[in-house]
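Next up, some structures in structure tokens.
Each of the next two complexes has subunit A plus one other chain: subunit B in the first, subunit C in the second.
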Partner chain A sequence: MSTVRMQMLIDIMALEFTAVELNLFLDTHPGERRALDAYNATVVQLDELKREYEARFGPLTNFGYSDSDYPWRWVEEPWPWQINFAHMKGV
Partner chain B sequence: MDNQRINNDLARARIQIQQYVRRWPPREGLFRGTIFPELYRPYYFQPPVPDGMPAPGTMRARRFKMAARKMKRGKRHVNR
Partner chain C sequence: MWIYEKKLEFPSRICSTNPKLAKVIITQYGGPDGELAASLRYLTQRYTMPTGRSKAVLNDIGTEELAHMEIVATMVYNLIKDASLEEIKAAGLDGYYADHDKALYFVNGDGVPWVAQYIQSKGDPVADLHENLAAEQKARATYEYLLQLSDDPGISETLAFLRQREVIHFQRFGETLEHIYEFYNHQHRFFMGDHS
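After this line comes the complex of A and B, so read on.
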């Protein structure tokens, strides 16, 4: 897996994690404007990044979110255990 | 029976309501397991402020710091 692809994947995971964290915070603080703004900004960034990733490297999920080139792209994706995340802090 | 149940209550948790102060950037949050520095353990980033500690930036704070440093040095000496 190329470094760029790995970096994008890690950034997607990081943004998803931030979105979940803000989601949980907002569940108990629905009136906190700054957290909501941060959440909305994160979601926009995440959406853009996912679209860019899928356009360049292929689908992130098996169905429902992105269309596929011919032939069917999903089966070309690496399995999770084929991605080495052990050194992702350095990427 | 009722009394027995009450006696089985060993402890009660009380949790302070979290305030939205600041957060780490996404990657740092992912690697630390939280985006909120105040939820990160051990609390390296904001050491707990002991009671009676002077406000930062004041003369008293500087003296406080110096006294703390002296105490540390003293301890090290004793350990040797």
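After this line comes the complex of A and C, so read on.
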């Protein structure tokens, strides 16, 4: 897998981790306005990044969440457990 | 409904073929304090949580634990996939190999298969949340033991990430327990309605 693709995945992981963390925080602090604003801002950034990734490398999600070029790209390898980030620095 | 995302939650680096390390890490896949137990525990307890908040916390942490299960599986899979039979035998994984080849199965470090008795779903939110707080601490401790056993820098990085998540989950469950006490101490004492 190309370094560019791995780096994009790492960037998506970082942003989505921010979203997970804010999501769990908001579950127990639903009235925290600043956390909610940060969450909503992350959603916009993450969506942009995922769309860019998917346009180049195929869908990240299935079941109607992302479309696919022909032929159906969901079946393409690698699957997540086949990717080793070992040679990526700064992970 | 769940939607699968074709990526891990964390960019896992695996620097070695190391069936010895796989043998101990697999306990976080199918062991008593592992990620299968964690995810199934929270996802099955969520149905009887009394408030919107507590349902959300159980649902969301249970879902994140599924992602952790996938990370643990990825580590184990990659640590053994290129191992020779000699290495498998030297690591004491020959018994495992006889039953599963190099496939992933839910066992602890000694090959004991996962059982539902590892988890409880009591219907009493206070009891369930206390179980979850303990479960997070037990998982944190396990990751610390695994970090002591790990000699692969990439694996250690991922184990440290997973350990840190248990600390956060413990924090969120603690807040949820406080929220549940408050919920019962107010006017809703005998009423489990649709509250947030």
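The rule is simple: the second predicted complex is superposed on the first by the 85 of 91 C-alpha atoms of A that agree within 3 Å, B and C clash if a C-alpha of one lies under 4 Å from a C-alpha of the other, contacts with A are read in each partner's own complex, and residues count from 1 in each chain.
Here is the rule we use: a contact is a pair of C-beta atoms (placed from the backbone, for glycine too) under 8 Å apart; a residue touches a chain by one contact, two chains touch by 3 or more.
Computed from a predicted structure; not experimentally measured.
By the document's definition of touching, of the two partners only subunit C reaches A:79; subunit B does not.
Touched residues of subunit A were counted for both subunit B and subunit C, and C has more of them.
In the superposed model, A:13 lies in contact with both subunit B and subunit C. Once the two complexes are overlaid on the shared chain, A:35 sits against subunit B while remaining clear of subunit C.
Touch criterion met: A:22 reaches subunit B, while subunit C stays clear of it.
Of the two partner chains, subunit C is the only one that A:62 touches; subunit B does not reach it.
Shared contact residues of subunit A, touching subunit B in one structure and subunit C in the other: 10, 13, 17, 21, 25, 28-29.
Taken in their complex, subunit A has these residues touching subunit B: 10-11, 13-15, 17-18, 21-22, 25, 28-29, 32, 34-35, 38, 42, 89.
Within the complex, the subunit B residues that touch subunit A are 17-18, 20, 23, 25-27, 29-31, 34-36. Only residues 6, 9-10, 12-13, 16-17, 20-21, 23-25, 27-30, 59-63, 65, 74, 79-81, 83-86, 88, 91 of subunit A touch subunit C when the two sit together in their complex. Subunit C contributes residues 1, 3-15, 53, 56-57, 60-61, 64, 70, 73-74, 77-78, 154, 157, 168-169, 172, 175-176, 179, 196 to its touches with subunit A in the complex.
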